[in-house]
Amino acid sequence: MISLKKRSLISITDFNTEEYLHILSMAKDFEKTPIQNIAEGRVIATLFFEPSTRTRLSFESAANKLGAKIIGFADVNNSSATKGESLSDTIKTVANYADLIIMRHSLEGASRWASEVADIPVINAGDGSNQHPTQCLLDLYSIKKTQKTLDNLHVAMVGDLKYGRTVHSLVEAMCNFNTTFHLVSPESLKLPSAVKILIKERKLTYFQYTEMQEALDKADIVYMTRVQRERFVDIQDYERVKNAYLLDKSMLNNVKENMKILHPLPRVNEINKDVDNTTHAYYFQQALNGVYVRQALIASILGLK
Amino acid sequence: MISLKKRSLISITDFNTEEYLHILSMAKDFEKTPIQNIAEGRVIATLFFEPSTRTRLSFESAANKLGAKIIGFADVNNSSATKGESLSDTIKTVANYADLIIMRHSLEGASRWASEVADIPVINAGDGSNQHPTQCLLDLYSIKKTQKTLDNLHVAMVGDLKYGRTVHSLVEAMCNFNTTFHLVSPESLKLPSAVKILIKERKLTYFQYTEMQEALDKADIVYMTRVQRERFVDIQDYERVKNAYLLDKSMLNNVKENMKILHPLPRVNEINKDVDNTTHAYYFQQALNGVYVRQALIASILGLK
Amino acid sequence: MISLKKRSLISITDFNTEEYLHILSMAKDFEKTPIQNIAEGRVIATLFFEPSTRTRLSFESAANKLGAKIIGFADVNNSSATKGESLSDTIKTVANYADLIIMRHSLEGASRWASEVADIPVINAGDGSNQHPTQCLLDLYSIKKTQKTLDNLHVAMVGDLKYGRTVHSLVEAMCNFNTTFHLVSPESLKLPSAVKILIKERKLTYFQYTEMQEALDKADIVYMTRVQRERFVDIQDYERVKNAYLLDKSMLNNVKENMKILHPLPRVNEINKDVDNTTHAYYFQQALNGVYVRQALIASILGLK
């Protein structure tokens, strides 16, 4: 019997494969019956030291559908942090007011630190460029839902593979399912060696590309991310490559019928709007899946299921 | 049988007369029994891209009294819009998290656009200087409640009749009820021709004034608005007329016994505080009526009644 | 039979001793059974014209555990106050949307003024450096809970005794219980004469110190506050005394076994973290007590118990 009661989730590796598959399976149940008033009387604190409307609203929608109550802040400017209080004091105090903390912070490691000082569980909703484990869970859910399996898939990752935390977590998680990876990025933004080693250790295959089309045609899942100008030391390098990572409808002529395009959102221009109405676009439904996954996670950690 | 289920309300003209009278009639029921736990499990997103505390709190009070849960933001600075995401992506994503969007935006047309991309209904809580239909509904409710009818009334509109969106909507709506209009404004802020034409088409009567007293004495309803300095090209014009649009108690000696003064609030100084304790002041009760009207509207659109 | 229904609480002196002891006694009940869904359908407005995350979250946690719904704002920048509306108009309008207002404001007297214009009760959550009565209630609750009585205690107050509003309120309240006061502060930040007169009128004893140790050793309760640099006209005065008001573990060798250290929080560095794990540290539990006390207060004022 799997129980995640009182467990914190800071990095996707805090849960083993069996545990996160359990969350995905519970999420399926919430997709069927989204409103389940099982968290009545529970208080959840959403502490967004850095604003992130989409993530916050998704968590708050999930908490509300469970019947929980929410306290918190959307922005550090409204918080006592401006009075010079230490993060650990803030967390210890809020731990008195709530049953669960969901937090986002601009500093790497802040959520881990919070989980160590709080005597209630903490869910990491993003700490700097480090971890965002619920994004990974909803990505996995979206892959499983659209492909009916997680096993033996061809997954293309496109864009900034060096700094994108969601990419690293997803590669790591998919390594458990005999995935073949198609890695498309500029030379300077390739997947870090440390992550490639994980793929090799599992004796899985990966291919690297600097252009998109071949990977698109082979993939069951295309995971798009943004290539940001700020990542390039030399602006000329950016200008030279940027157009290679813009996906439009004309590139979808020879893709697999059930290929689905994911994106952690927000997008800027890396997916053209003419893709939105194709059967391959899945990024908005992916966001909806996030609500079910977060319902499952909150319910598990509060010991409600 | 009138049903407004899944309908958006962006402009007051989106509802026909029968439909908005239906809302007023439902609102009366909520005035009698404000707490009706009929929206349990429903999630409402209040997206205020531009802050407006009074309108937001009124909607949130209404939603809470129905038992709905609320997610959202009070200010665009806390939203993902700062990451350069398009409005339509934001709306499409939030539509996954909620059953109804209530939005305010500084740009004209933003709410209409949102209602076209969202697959859930949208209520416009103000888009720039364009539309604010729930203000119009609560104005109508306040008129009907105090005068026991909407028909055959004398309505004075005072102040900035050129730019005030609430004035235009109210004139338009009252044209359906054989109203006589008394329009009091500076020369440069007269009611636009396009709105006067509506009055004429219905073969109704209007009078124009640059001073207030005569209109006050004839009116059943006096609708006050602010004359803002910024509306005048020539500051001397403003200085010359500004005192003509300040209402104080001494001007109420010969008004009708049941005359009621409305104001969309916030007021600055256009109604002197010595009016507040007269039987004619109705602007705070008017604000309270807004909660009942919004309860009725939300309940209708969610198909709960 | 004590009833606080519809009463406002602006200053601790608004309640007599019997009344606030009644709140403490109710709070004990909420400590045993924190979740009591007795405020269903009630709407509470939390109006924070000045941000104070910890106080706001404590009140919102309390309101949520009672089953009430919350509307409001965390920061004046998101409020209509920016449109030049008067405070009394804001309060009168919000009074239409809620059953109770909890407000914090940077100006002394703002909460009292609000309670006079609103036709619903108001709880002061801090008005400038003036009053913060619920802090006082939770301080009293923490003292009573840890010492099993409020009577005949030795209470040390350390730090800024001149400007600290929580200190003044607590001295005033403890004057009813035959307290001996140990007052530790820099010369320039001594307890004001007006407060010392209250002690003398009750024929109670106080001792004044500029160093901490002796007071620590005699005290049942040590109430720490911060000595802020801004309070000193001459920065050299500050530099000379500042280290005398920093409490660390080495100073706890000869204190009473059941001595407890309180702090209104947030602390900056006036209590060293090595104190946190001693049995004397009580400041985080003190914060938790604040939730029970606020539940009791809200329930009383709404007439729910």
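First chain written, first letter: the chains are A, B and C, and each begins at residue 1.
Throughout what follows, contacts are C-beta pairs under 8 Å (C-beta built on N, C-alpha and C of every residue); 3 or more make two chains touch, one makes a residue touch a chain.
Worth saying up front: this structure is predicted, and the values here are computed from it rather than measured.
Comparing the contact residues of subunit B and subunit C by number shows a mostly separate set, under half of all numbers used being common to the two copies. One copy, subunit A, sits rotated relative to the other, subunit B; on C-alpha atoms the angle is 120 degrees to the nearest 5.
Per-chain CA centroids place subunit B at a distance of 41 Å from subunit C.
With touch defined as above, subunit C holds no residue shared between interfaces to two or more other chains. Chain contact summary for the complex, subunit C toward subunit A: residues 35, 37, 51-54, 57-58, 60-61, 64-65, 67, 74-75, 265-268, 284-285, 287-288, 290-291.
The residues of subunit B lying in touch with subunit A in their complex are 40-41, 43, 45, 69-73, 77-85, 89-90, 92-94, 96-98.
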